[in-house]
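Chains here go by letter, A, B, C, D, E and F, matching the order in which they are written, and residues are numbered from 1 within each.
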């Protein structure tokens, strides 16, 4: 078993809030991340897949192909967009890094499994101090 | 003469567009940076000052004091905000990294000169691939 | 299960030595790390917790709260201090990165479990070339 | 159990291709990585070992000793060399990062186990966007 | 005057040697960089331009356009290539980082000046420990 | 003219204080950096030299030779040492990054000029947020 990781990047706006809460309550729970006019991040996305080596290529998977899948399924939807407003798979969810990781996992899983390999981990780095990792359950 | 640099960070939303242009023209000139629902970045700000060493402290300036000035004059206005909507010194300007550097320079210059040192450079890193530097003229 | 990691930093002095050994023996075993007048590092601490998402917030835990716990229980004791002399939980131990990781684990575990989540990993990066990870057993 | 990681670096040339395939087929499968006159990388190698702490030293293992083993068994063979031509343990294999990780694992395992500790992971970062991890099976 | 920098990357093979010198002499002068089967690097290229702000866009220059010029004039010639063998503008020169910087400067200068801005600096980072900067004279 | 930069690292203990001041005054001026039992840093040192290219080698200077000079004149005196106690060229000075830059400049200048090139800049990065640059006057 070999683990292969591809890093991609996206720059998005978002805000953390619950519509049914007033501004004061949102501020109390989410702090400055609830600011009503949005803020944003340079997100780093690390997608780790695992599988056996293809003896013909010495690859788990062609990393260009993996990169193309991540770009088509995830980056094109997120980059230079507003996570709360523009991203289908985040509708009705709080735009936390945790929920984003789950959403990205679900976007990627079918296409990656179709390659005959497993999706192992989705890691999202929001700032140099914060990141989350999701392993699918 | 010694040059001292302090790094600070801010996470903001913005978009590049001219109000008098329609969406098509904005897209043509500014690309995906003109997206109407905003996007955002983790900006890194590097403020370089220069001056003689204070013989009593061995400092150009106490870097805590420099950090406090940058936070009060710049970061508090920008961090977890929308550069186009929320930031006084960016009103009526395109929210480009270049204009942001000039705006930050003007915010910082009086307070830094009041310390008896010179403001030498404002550098803003928008992504790992892009940064600007402004030296005041 | 979601894994959330917070990075904090501390700048400390330390030295590696056993009191019952003479200088020659300490030098033999610990090399230049045994230098009697101390040396120091910018340590990077990565604390990883795991837990279920709170459906109300979309968080494993509010990362500000996690950061506050790490700062109160660990960073305030270590930052701009001497690990051998000043740090209660390192008394009687060799100030190796490994022992530091165990000490920090023990400092953090009760407060993190009190939040209803698990402490998963304490990682300490001592230099760009060396780091340790401790998972609690 | 404590996990200790040492980073080392090597700068090598390589190319990805199968001798029995013609240029067109190699280009189709391996893209520009098949270029006949070679290209190269600054590789970062992260070797993670695990073991119990030695109560006398507070170490899993003396990291200098680990570094020496990695340099003697791996870096000296790879650094400023051509992976396809010059490296014994890569002969007859495609010079993919995956195969390199397996090759390095096999080079390191006996010497590391001779220290009474386990080899846990070989991670190779080929570019800032791509890395592989191998855990020995 | 505003300074704008774009980072691009290329992965190349090279070797340092003089044809008229024998292996011993090349080894003496160039060390392991003279290895006959090549080695390689992940090079980081930083191109800094300077100019006045375009009042309509708030840009020195559209950074996409700058990136396209760098890719067309430089990266396509260098990336996944052998600097000694494959790169027109390096023929007859020692493939040192210094000569590479001069060669890249000359490749870029006409196209950048055609945009009405100045080329200020070409910086090449060969490893995390070594880089050169060239300002055109 | 070409500018060439070499990065070296050292891990040292230090403290900021004036002997003639009491603890309260030192704390007031130098904050936690005055802590009496020392603290420390991983310092990054960037030494920039400038000169014409040697037409035979394509080098400003052999970077190995530059590295050796920096190690012999500076790093061996600083690494795994206490800047206040152990370093000859820092005696009688406050161990600020600024004074360290001047001290290193003076240590390096004669040996670098003996190579027929100029010392251009000594940059010291103390933390990821703070650095100083000294150009010799």
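Keep this in mind: contacts are C-beta pairs under 8 Å (C-beta built on N, C-alpha and C of every residue); 3 or more make two chains touch, one makes a residue touch a chain.
Treat the numbers as computed from the prediction; the structure is a model and nothing was measured.
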Ordered by label, the neighbours common to subunit A and subunit E are B, D
On a CA-centroid basis, which chain has its centre farthest from subunit E's? C
Could you grab the centroid distance between subunit C and subunit E? Build each centroid from C-alpha atoms only and quote it in angstrom. 42
Between subunit E and subunit F, what's the gap in Å when you average each chain's C-alpha atoms? 29
Express in whole angstrom the distance between the two chain centres, defined as the mean CA positions of subunit D and subunit F. 34
What are the residues of subunit B that contact at least two other chains? 128
Listing of all chain pairs that touch each other, if any do: A-B, A-C, A-D, B-E, B-F, C-D, C-F, D-E, E-F
Which residues of subunit E touch subunit D once you look at their complex with the stated criterion? 9, 11-14, 32-33, 35, 37-42, 79-82, 85-86, 127-128
Seen from subunit C, its contact residues with subunit A in the complex are 1-8, 48, 53, 56-60, 62-64, 67
List of subunit D residues in touch with subunit A within their complex: 16, 18, 29-31, 93-96, 98-99, 101-102, 128-135, 137
